[in-house]
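Okay, so here's the structure we're looking at.
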Amino acid sequence: MRVLFLGDIVGRPGRRLVAAVLPLLRARYAPDVVLANGENAAHGKGITRDVARQLVEAGIDAITLGNHTWDNRDVFELFAEGALPVVRPANYPPGTPGPAFWIVERGGFRLAVVNLMGRAFMPPLCDPFRTIDGILRELEGRADAVFVDVHAEATAEKQALAWYLDGRVSAVVGTHTHVPTADARILPGGTAYLTDVGMTGPRDGILGMEREGVLRRTLTYLPGRFEVEERGGVEIGVCAVEIDASGRSVKIESARFTWDSLEEA
Amino acid sequence: MRVLFLGDIVGRPGRRLVAAVLPLLRARYAPDVVLANGENAAHGKGITRDVARQLVEAGIDAITLGNHTWDNRDVFELFAEGALPVVRPANYPPGTPGPAFWIVERGGFRLAVVNLMGRAFMPPLCDPFRTIDGILRELEGRADAVFVDVHAEATAEKQALAWYLDGRVSAVVGTHTHVPTADARILPGGTAYLTDVGMTGPRDGILGMEREGVLRRTLTYLPGRFEVEERGGVEIGVCAVEIDASGRSVKIESARFTWDSLEEA
Amino acid sequence: MRVLFLGDIVGRPGRRLVAAVLPLLRARYAPDVVLANGENAAHGKGITRDVARQLVEAGIDAITLGNHTWDNRDVFELFAEGALPVVRPANYPPGTPGPAFWIVERGGFRLAVVNLMGRAFMPPLCDPFRTIDGILRELEGRADAVFVDVHAEATAEKQALAWYLDGRVSAVVGTHTHVPTADARILPGGTAYLTDVGMTGPRDGILGMEREGVLRRTLTYLPGRFEVEERGGVEIGVCAVEIDASGRSVKIESARFTWDSLEEA
Amino acid sequence: MRVLFLGDIVGRPGRRLVAAVLPLLRARYAPDVVLANGENAAHGKGITRDVARQLVEAGIDAITLGNHTWDNRDVFELFAEGALPVVRPANYPPGTPGPAFWIVERGGFRLAVVNLMGRAFMPPLCDPFRTIDGILRELEGRADAVFVDVHAEATAEKQALAWYLDGRVSAVVGTHTHVPTADARILPGGTAYLTDVGMTGPRDGILGMEREGVLRRTLTYLPGRFEVEERGGVEIGVCAVEIDASGRSVKIESARFTWDSLEEA
């Protein structure tokens, strides 16, 4: 099974970029399944049912989230209905709305998609290590491969989780920093690893937001709303993983594509 | 002028890797100046005069540091003597030992090397934005180009600093996460930018340290000394910047090279 | 000069409590000057001109703030007009709106009121130590005594600032934790010190906010607006400092008064 | 049952102060049980078997700890032997050495002593709320009253835990800040609460450590070992709780006693 993963989709530019370039990415990577992190898909902050549906219609098979999961109250409706393939970080406390994993099936091969949040420089959710242990037990006999999006700030935490899971899941792929890393590799046990996939959206902002606002706040410490950058170039960070029938990954590639404007993409 | 920058050198494996591969890197990039971050060069923690001399002998023209600057007390002697081309983060408070910049001259072209530390998820040093403003004033007429190593955790802070300095310095290149990023670019004003150059040292540890120790602490929160990983593969993250006579950067390339053992490198 | 200081005034219950008990506190402490921290005076979040005027009318001579300074946009108008005796934390960067000190005069004795923010577990503003050094130079010849409200989380940082300033200011009194401490003392150099004055407002919430909301967020990590607790008891934390003609403090007392309802107060 | 609790004992001055004043405190409070936080008892950093034995001989019935639990490797021996009445924070992960509670019996009345660590501005241990829920289930039928030392930085987290446990435990008493608070009260459900008991040790340092060293680090961000302050005054912060036969607390008192030298105490 070939899985294509798209980094954090940021606002309307990010969603439009997905629609524009997914056909090209399909041609290039021939994925069986397309996943994306959607924590910034709605105006840079969280997700809604409308936005999730739009992404599904564009061809995303399952959507992961992160620290922005709850930024839109509509996500509670989304989770209550349970119809859309959107998973929240699994290490929120027991009882949290939303599924802790989502299974995508292709020709009888069942891929479980899991989202975990790191805790270094982030809220003290439940331990992601013990949480994934529990989920793997729960998935025994229910999934043929497991794909983990670890949404975290610290590189050490992402690497630690990848080594911890080496040989037990097919892929550990990071998100959150909005910057793609150049360290894709297959760990000895057959787990594909990439510290961060990067971002899908505006290229000339700061993490996709208007840089004037971010710079003003950085320099003054005064409050200010950040808006998604609508001008300038766009970029998409992607990662393609090939998983064999046994669930071992045999290949991982990552890339960052960039255009000087959305129209060119 | 062509500048080659090597990411955080970690311990003996990192120093040996520098010695082994710098000739090859010279052949490939034909640098006029070679810089490296050395904050982990001495057993993974800080730097000493011996280690700095070793790096200079291997061909490093100037060494930047970071949050591990003071891990070895010998660095105070190093700074007191002032003989070795080692700069500390410039945004420590006024009066801190060690130079805030270092000038490397090649054929009359003077490159000022500056090291700044971020403050997000790091100690509240002086504001790196206002600090570099002051240094740039001080460097007027004394340098033809400025190369900034921004040692920081948060991608937003690195990007903010790069945009803030666009057109005012030749390069803003990040270190500290030990993971190379894939976002090298020339900003509109002529400043070369890369979020993180990565690391020079052990590839199969966690940020270069033995992963058993890091995992044990991550899982138990019990104390434990971390040792540099001496086994397994090695890697080097590099970045090459070409600066024209006016101080504008015209090209930036980054790469990560990896070998299955130090002997192969 | 006798100075009475009231801890963080929280919302309408806090403001009403000030109006109700200030006469009694005047009778008890016979203050020449009354100061209060007002960072939570407007619905628990920041301050407005209306709220500041109300406090001045109730008898507050100068108001300090803290990390909630900018929660209401009206504070920018307040500072632009410059008519109300409200100071912001002095260690915001140069150019920040609002005064870094305020001088209250009584019978020719000039008391400078300064507000500083700590940096441990708080935003990396300018260094409060070097900031107050600069302010003290600026105040030379312009003030007979200096009263510092250090708005900080960490007890170590508050104590460090107090010892640093011992003999150079009349009082270092802490705010922000909303819990009064029992450690009032005169340091050897004549500086009155108290780690935290406590709070003026609802007693049966959590730091003055409805505890259901705070507990829900603590247990679930889901977002939620906090409202000021309007039910239950009220409390006021106060501190009285007596400063002699030379600017040395000779006496400091602190107290927490509590009532089972606002009506009883 | 009357319980006396002593705040964090700091180094040799703290241990000597306990020995000197415990007789006077017994005379004043007539406690049935004496508890103390000992996380700084060994040279300011952690605890050892020798130090624990010394405290038990001085009359401490059970010792709680905190973030300094593991500072001395001897604590692993202490826990392995299991002979000394020392509890570690209960919300370390399952499998952590050391007991999660300790039961002290007096005339058939069984008091369970529990230590919890907060997570705000501290390591992301397990959730203290759900941890204490589990311990209370485990203690059903095995204890007549539960005394909780919540070792935490943030006042909000301490208050939240107290309200969460109101009516379910006899006392929630805070430690860690080394500064006694003035907010002792009985919550409506019968739980005694105090945000922080304070410290047992040197009065004229910063949190008990030599203030020159702390100030130097605060001003320079350079490393430096902190030593326990051996000069100057001493202080002890205490809290006395009276628990009725049903496990409800009916009285809580707190006090800070201070002397100009250890000899005077």
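Order of writing sets the labels: A, B, C and D. Residues in every chain begin at 1.
One rule holds in what follows: a residue touches a chain if its C-beta (ideal position, glycine included) is under 8 Å from a C-beta of that chain, and two chains touch if they have at least 3 such contacts.
Small disclaimer: the values here were computed from a predicted structure and weren't measured.
Peer 1: Strictly by the touch rule at the top, which chains does chain C share as contacts with chain D?
Peer 2: A, B
Peer 1: Looking at B-D and A-B, which pair shares more C-beta contacts?
Peer 2: Between the chain pairs B-D and A-B, A-B carries more contacts.
Peer 1: Interface overlap for chain B and chain C, more than half of numbers shared or less than half: same or different?
Peer 2: Counting shared over all numbers used gives more than one half: same.
Peer 1: What whole-number Å value describes the gap between the mean CA coordinates of chain B and chain D?
Peer 2: 44
Peer 1: Could you work out how far the Cα centre of chain A sits from that of chain B, in whole Å?
Peer 2: 29
Peer 1: Taking each residue of chain C in turn, which ones touch at least two of the other chains?
Peer 2: Where chain C meets two or more other chains at a single residue, that happens at 93, 125, 219.
Peer 1: Of all residues in chain B, which touch chain A in the complex?
Peer 2: Counting only chain B, the residues touching chain A are 121, 127, 129, 153-157, 159-160, 163-164, 177-183, 185, 195-196, 198, 206-207, 211, 214-215, 218-219, 237, 254-256, 258.
Peer 1: Mind listing the chain C positions that touch chain B in their complex?
Peer 2: Within the complex, chain C contacts chain B at residues 93, 119, 124-127, 130.
Peer 1: Which of the residues in chain C end up touching chain A in this complex?
Peer 2: Counting only chain C, the residues touching chain A are 70-71, 92-93, 95-96, 123, 125, 219-223.
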